Every structure is written in C-alpha cells, then in structure tokens.
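Have a look at these structures, which come just after this line.
Next come two complexes built around chain A: one with chain B, the other with chain C.
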Partner chain A sequence: MDRPPPSPLLLMLLADARLPTAGHTQSAQLEPATVWGLGVSEVADFIALRLRTVTRVEAATAVVAMHHLRAGLDVAEVEAAWAARTPSPAMRATSRQMARALRRLVCRLWPESPHLAVTGPGASRAVVLAVAADSAGLAPRDLAMLVGYDDVQTVASAALKLLPLDPADVACWVLDALAAVDALATEVAPLTLPSAIPAAGAPQIEAWAESHAVTSRRLFNA
Partner chain B sequence: MTLTITTTPTSDAGRPSRTQVAVSRAAGGGRVSVWLDADGPADRPVVRPVLLSSDEHGARVCLVPEGALLLAGDRIEITISVGSGVRLELVEPAGTVAYAMDGDRATWDVAIDLDVDAAVVWAGEPFVVAAGADVTRSTTVRLGVGARAALREIVVLGRHGEASGRLEQHLTATGPGGRPVLSEALEVGPGSSRLLLGGARIVGSVIALGATLPESAPADGTRFDLDEGGTVVRALGVEAHRATLATSWGLAREAVA
Partner chain C sequence: MPDSPTRSLRVGVCGPVGTGKSSLIALVCRELAAELRLGVVTNDIYTDEDARFLRSAGVLDPDRIRSVETGACPHTAIRDDITANLMMVEDLEADFDPLDVVLVESGGDNLTATFSPALVDTQIFLIDVAGGGDVARKGGPGITRADLLVVNKTDLGPHVGVDPDQMVVDASAVRDGRPVIALSRTDPASVTALTDWLRRQLASHRTGDLTPADPGPMAPHSHGDEPSHTHGQGDDAHHHDHAHV
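Now for the complex of A and B:
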C-alpha cells in the first residue's frame, strides 16, 4: 500500500471549507447576533467569546471522543456529556445535521474506518470529526485546532455576507484569533474523560440559536 | 414527626459553614422525618434551615441567613437530601448580596441528592454580585429514578447602577447511574464581553429536571429542552422583574409536583 499522506496535508483537507459538508450554510449564530444589533466592531469579540465557550466545549468533546475511539471505549458517554453541555436544542440539532453531511464524506474518504459503525446518524459533529481525525492520523491537538479554526472561519465568512466588510479586514481578524485557537488546543488536547469536558455556556449565543431556529427570514441555516 | 435542630458553634476558622436539610419517610408512617443542621466557625455566618411545615408527603423549609452574607472568605456549603417519595420545598426569606471582597473571595456550594421519586422545589431569590465581589457558586443535583427538581435562580450582576463583581458558577445535574443531564458553567465579571449576556445584568433561570414543561408553555424566556428530559427557561434582562420568569416558574412547580 502507498504511504498515507502526511497529517499536515490531511489537516488542511479537513479544514477546507470547500469540502462538501455544507459549511456555507452556517453562520455560527452570527446572523441572529446581527439581527439583535451586533455591529462590525464586535465580530472579533464574538469570535473570541465562542472560542472561550461553545467552541471550547465542541473542541474538548472531539478530543475526548477521539481518545474513546482509539482506546476502544464507549463513545456514547462522550455524546451524553456533550448533550448535557449543549442545553440549546437548536445547537444540538445543527451539530447533528452537520455531522450527517460530514459522515457521508468520511464514509467515502475512509470507508475502512472501524469507527463509522459506532457513530450512527444521531452522532454530534464533534464525534464525527473525531472519526475523521482518527482516520487522518491527527494528534488530539490538531483535532482541537481544527475545531477552533473552523469556527473562526465560519463566523468570518458569514460576516462577509451579513455585514459591509472588507474581506482583508476579516482575514486580519482570523489571523488575530489564531493565538486563541492555539491556546484552546493546548488546554483541551490532554483531556480523556467525558466529565473533564468544560461546560462553559454562552447564554446569549444559546438564546440566539433558538430564536434563529424559528425565524423564516434568514440567509443561514444556523 | 421527628424534628431535630442542632447548632454547634466552634472557633476553628477556615472550616466552611455547613447547612444540612434531610427529609425522609418516617419509619412508622405519619409525618416525614426532618433533620436540620447548621454549623460553622463562630466568626462566620451560617444559613439556618427553619421548618415551616410538614405532613406525610413532605416538608417546607426556609433557609435563613444568620449574620452578614456574603463576605470575603465566607464558605457556605448547603447539603440537601430528599428521601424516596418525599417532596421538599425550600424558600428563602430574601435575596443574597455578595459584597466587595477586597481581593479575597467567597464560595457557595449546594449539593442536592434526590432518592427514587423524590422531589425538590427551590425558589431561589436574587443573588446579587456587587462590584468587587469574587464568588464561586456550584450546584450539584443527583436525581434517582423518577426524581424531579424545580430550581429558580436569579443572578444579578451589580447592585443598581453598579458594575458587576466576578462570578463563576457551575450547575451539574446527573440522572440515575450518574448519566449527565445538564452541565453548565458561567464565568462573568467586569471585563466580560457584552455578547455573553447580550448586555443584560440579570440572568433568570427556571430549571426543571426529571420533568419537562408542557409543550404549550408560554415563553417568558428562551426555552431549552434537554435530551435527557427536563427544561431550562432563561431570561436575560436589564430589570429584575423582567427576569423572574413567573409563568415558567409556576409551570415548573406543577411539573415536579
């Protein structure tokens, strides 16, 4: 068998928004935030807040899930810990919907993965990302960076559709956020226990997720 | 009825102030057994449990602060235990203010243990985090099979016209077998992002565990239904009376009855 591609290339592949995983349908709650009144000057703050709260939960969940998959432990415990830390049903539904698209892709990219069978259609996005990262041979820290980076880019690209912005300014915000992504990855990479997953909530972001789920006037699915 | 109240003032500073409330079915039937205890260092305040009423189904207990609460170095520990099939209602005579702590901090930890088919209703009054306060609060709820809890929590960040102190709080609820039901942490302080609470200074929450609010419940806040059953209703407000969630609280009380 040919040598598998090096993991940095596979990390780039998984972080690429051009993958058919419906990333363009997501604003990471930036759309309801702008409806509420979030202005151009607050987008960077929004990105930073997510990295400290909801995205931190998702990144830690993914890391702990990959540990469980690799150690042959029951990933259902990780799913339950994630669901308890994600009180918003709209955010859970979005995660599971994104997970289904990602899982279809993982089935094509790595059909030999032994973990596809244990992550069914109800899996969360963090857990399916863990399956993909395991197949790609990523380290826990890479997986956490992937989750953080993807969230930053999701907000950034949605911001360009929602607010009058110079794309280069938005790229600068992404660059500025990378230090926080790195810090997040360092914090969560060693985690192995579901109970150790942080539970940091963001009450207003959770409320925005719920209000957006029932509005008919929207550009983004969530 | 069995009622025991003890007080054990001691001088060994550094110990937490402990409050215990335990209710259970009386062995020979009749009114439930109630065990109430408050104990702590002599120079620290305690939260004293006072029995308001009891019958064969359960009890009502008021948690009365004795001494000034909540000041630098205070460590309040409240342990609630409700026996199988018993209902406990907890009330507070007034809200609590965490005052400026001059670089020190205080803790407020609550553990609620609910046996099979037990129920607790706790109407928390406002918890005010004054400027300069630094408080860590934790609430742990363990639900046995068929157990239910209705909790109301009103966090006020700063007294009127005042900036917020620092608050870190954790709520962890587990079901039978330790299965996670709800796990939430909130860290808020003077430097917090406006987007964390949308500019609100009051966070009102009604938390129903082991019971879900009716589908048709009117929304006085944002409703979050949990995967493991249970509902959180949350209001982020600028004025206290807008975040008390009176309607949802009434429904949560009924849902766990």
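Now for the complex of A and C:
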C-alpha cells in the first residue's frame, strides 16, 4: 500500500471481535463468576472491578511495553513487572496463550515489525498487543483504550452466552463502561517505567480463574 | 498456509450432534493406532466429555487427546476463527513429533458447519440413519462437498425404519462422485473402507497431491439444463444475471 491506513481505522481493526485471535474462547473470568453465583445485576460491577484491577494492570503493561519497544529498551523487565502483578498462574497462562494467538495474526498483518523477534512464545498478551499497536501507529492512550474496551466487550459477549438477558442491555453496559475505560486510558497513557505499573490485584477474580482452570465443565477457556 | 510438507495430515470430523463423531474417532484410533502415530483434538461444547470418552476408550495415550473450548461457538472455532484449534494441533505435533495424522473433532453443530481448509487437509462429514432418512436429501455443504461422507449406524436401520442403502443413493446423487461410506462398527468391511480411505488421504498428503478443499458455504446447484456448479469459490467463480430459484 502507498500510505499506511490512519490509526483510528487500525484501532477499529484491533478492537474488532471478528479478528481471528480466538477471542470467542474467552469470558474474562465471567464464567467461573457465574458458576459461583454472580447474577445479571452484578455484571456491570464485575466489569468496573476488572477495569480498576486486572485490566488496569494489563493496560499499563501494554503502554509501558510499547514505550520500551519504541525506545529500543528490553521488554523483559516489563514482562517481569506484569508477572509480579499477576499472581494467578492460570491468568498468566491464559495471557500467554492469547498472546500466542495474537502474535500469529500480527505475523501476518505486519510481518515487517522489528519487535516480533524480541517477543517470543512466552510473551504476555499486553506485550504482544504493544507490538501490534506499534505497527498500527497507535498512541499510548489508544492502546490503553483498546485493552480496556476489549476487556469490557469480552465480558459482555460472554454474558450473552452465560446469562439469560437482552442483548441490548449488554450494549448498554458497554456504553456505560466507556467513561471508566477513558479514565483508565488517561491514567496509564503517560507511564514509561515498569515500576510505575499499578499493582492492583483482584483476589476473588484470581481465585475464579484458578478454579476455572481445573474444572471439567466449561464453555470458555478462561 | 506456510506448512512444512512433513507435518501431519490434519483430518476434520464434523456433523450434527449424536451422529457418532467421537465413536468414529475411537474406531479409527482402535484400528490404526498400531500402524500410524495419531493425535486427537476435540471441540466440546459444555464439557470435556468427548475428550474424556476418547481417553477412557483406551485406544490412544490420553495425552495425545486434547480438548479446545469454543466459548459456545463450535462453528466459529472450525471456520471463522480457527486460531485455538490450529494452536492445539501444532502443540500436539510439537509434543509428539512426528505425528502421521491429527483428527480434529468439531463440536456437534448443524448441517451447515464445515471446517476451514486452513485448519484441516481433508474432512469427514457424518450423518446417521437414526437422524432420519431424509437428511441426505436435505444436502448442505458438508453432505454435498466434504471429502468423505459417512452414513453412520447402518445397523440401526431396521430399528428406526430407515433404509441405509437409500440414504447412500440419495447422498451419492448430490455428491458428484465424492465418496460415501455406509458405516457400522459391526460391519468389518465398512470399517476397512473407512481406514483405507484415510490411508489413501495420507498417501496423497505425503506426495503433496492433497489440496484442502472448502465444502461450504454454498452447495452445488443447477439452473435448468446447465451442468451443476458453485459460486464464488476459487476457479469456478463466475457471474450471473439471473436469479436462483
């Protein structure tokens, strides 16, 4: 192509659930939460909780990783900071699995990316998202919005499979969550240091992730 | 796909719920495990029931049987977004290198679900006599264009009032020469027909002569006295100025 597509279009591409990265296999821990007893009326709170905790860690990690990639710094330190803030082995495994799926696609979309070589099979999803965002020419704030928005939509679309409800209600949840996504992006966009990544765990979500990893009855991978 | 010519033959097994996909895979494993290095990927919908069934059947090392969760989207996982299945197939191939054949079992779906040719090299579509004698006539991409159609459980024909031979005739009529096997676990000749077909597919794969073909989304059809054809797929895509009926 003569000119790269404008970054807003590339942001839409990366945020599209139709992107073949196995997103349909994920519930962002909503499935174990519903098994535990989380009801329809609590899903919006679940989304908000994730945005304040695990998703905030992922968004900040992605932003700091993109800074490191663009500045020619080693991302190993970013990976270590993310892992230290993601105490659930199941959640780390899921992130790395999703990273692998995303990395396959990035290899097809942007094979020329210089960062594919430095983000191998063990990379976290946040770091591979940073590689994709770098190729797409996204700003740090766009990348943080992408992480937040994708998490909200992952929970929302899984809710349609797990709970009896009106799909329009789910769209309303997503709309209502956008302010929190925006605030999250504003908070983490300026970060450049691994040590600045918030350590915001959610022990109940982590416990759900662990229990889901060993159950024999599940619709979603995680 | 940038695949190595020495990687395994990837075989898709799909068809409606209850037609015998897991049993067919167990049968293939039982017949061929001593001769070929096999792996299995299942796509269960609610549980890992199919994977557990196959492991408990004792026909294959349990670690060679892996399950993929599809998020209640079994159709997506074999067609629109094959990522999860491809990664699992590659993991099996890496863990048990070299494998001869990896069988990928779709989550039981409907008559329209078929595998992407980017996921499997060849695919088997199953229907069964207990599902009704009219299923073969209803057609659909799997029935008309899968590499192999299996009409399963032929031994049940007398019990469900269905003539298996007629089902095979009906199916063959819409398959343009593609193979149909009337299968029963209790009929050794039909089992041999199935395993021989698989051996031939593997041989073609190894010589580089097997080109993955997409069965769907549209079945071949004809307009009056024209020969039957398909639309928008590969070399035979063409334009029309008339409506389809």
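Throughout what follows, the second predicted complex is superposed on the first by the 221 of 222 C-alpha atoms of A that agree within 3 Å, B and C clash if a C-alpha of one lies under 4 Å from a C-alpha of the other, contacts with A are read in each partner's own complex, and residues count from 1 in each chain.
To be clear about the criterion, a residue touches a chain if its C-beta (ideal position, glycine included) is under 8 Å from a C-beta of that chain, and two chains touch if they have at least 3 such contacts.
The shown structure was predicted, so the numbers you read here are calculated from the model rather than taken from an experiment.
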item: Touching partner for A:Asp45 - first (chain B), second (chain C), both, neither; value: first
item: First (chain B), second (chain C), both or neither touched by A:Ala83; value: first
item: Comparison of chain B and chain C by chain A residues contacted; value: B
item: Interfacial residue positions of chain A with respect to chain C in the complex; value: 18, 20-27, 97, 100-101, 104-105, 158, 161, 216-221
item: Parts of chain A lying in touch with chain B, wherever the complex brings them together; value: 33, 36, 38, 42, 45-46, 48-49, 53, 80-81, 83-85, 87-89, 92, 194-195, 198-207, 210-211
item: Chain B to chain A touching residues, read off their complex; value: 170, 172-173, 179-187, 193-198, 200, 203, 222-228, 232, 234, 236
item: Touching residues on chain C, where the partner in the complex is chain A; value: 45-48, 52, 68-73, 76-77, 80-84, 86-87
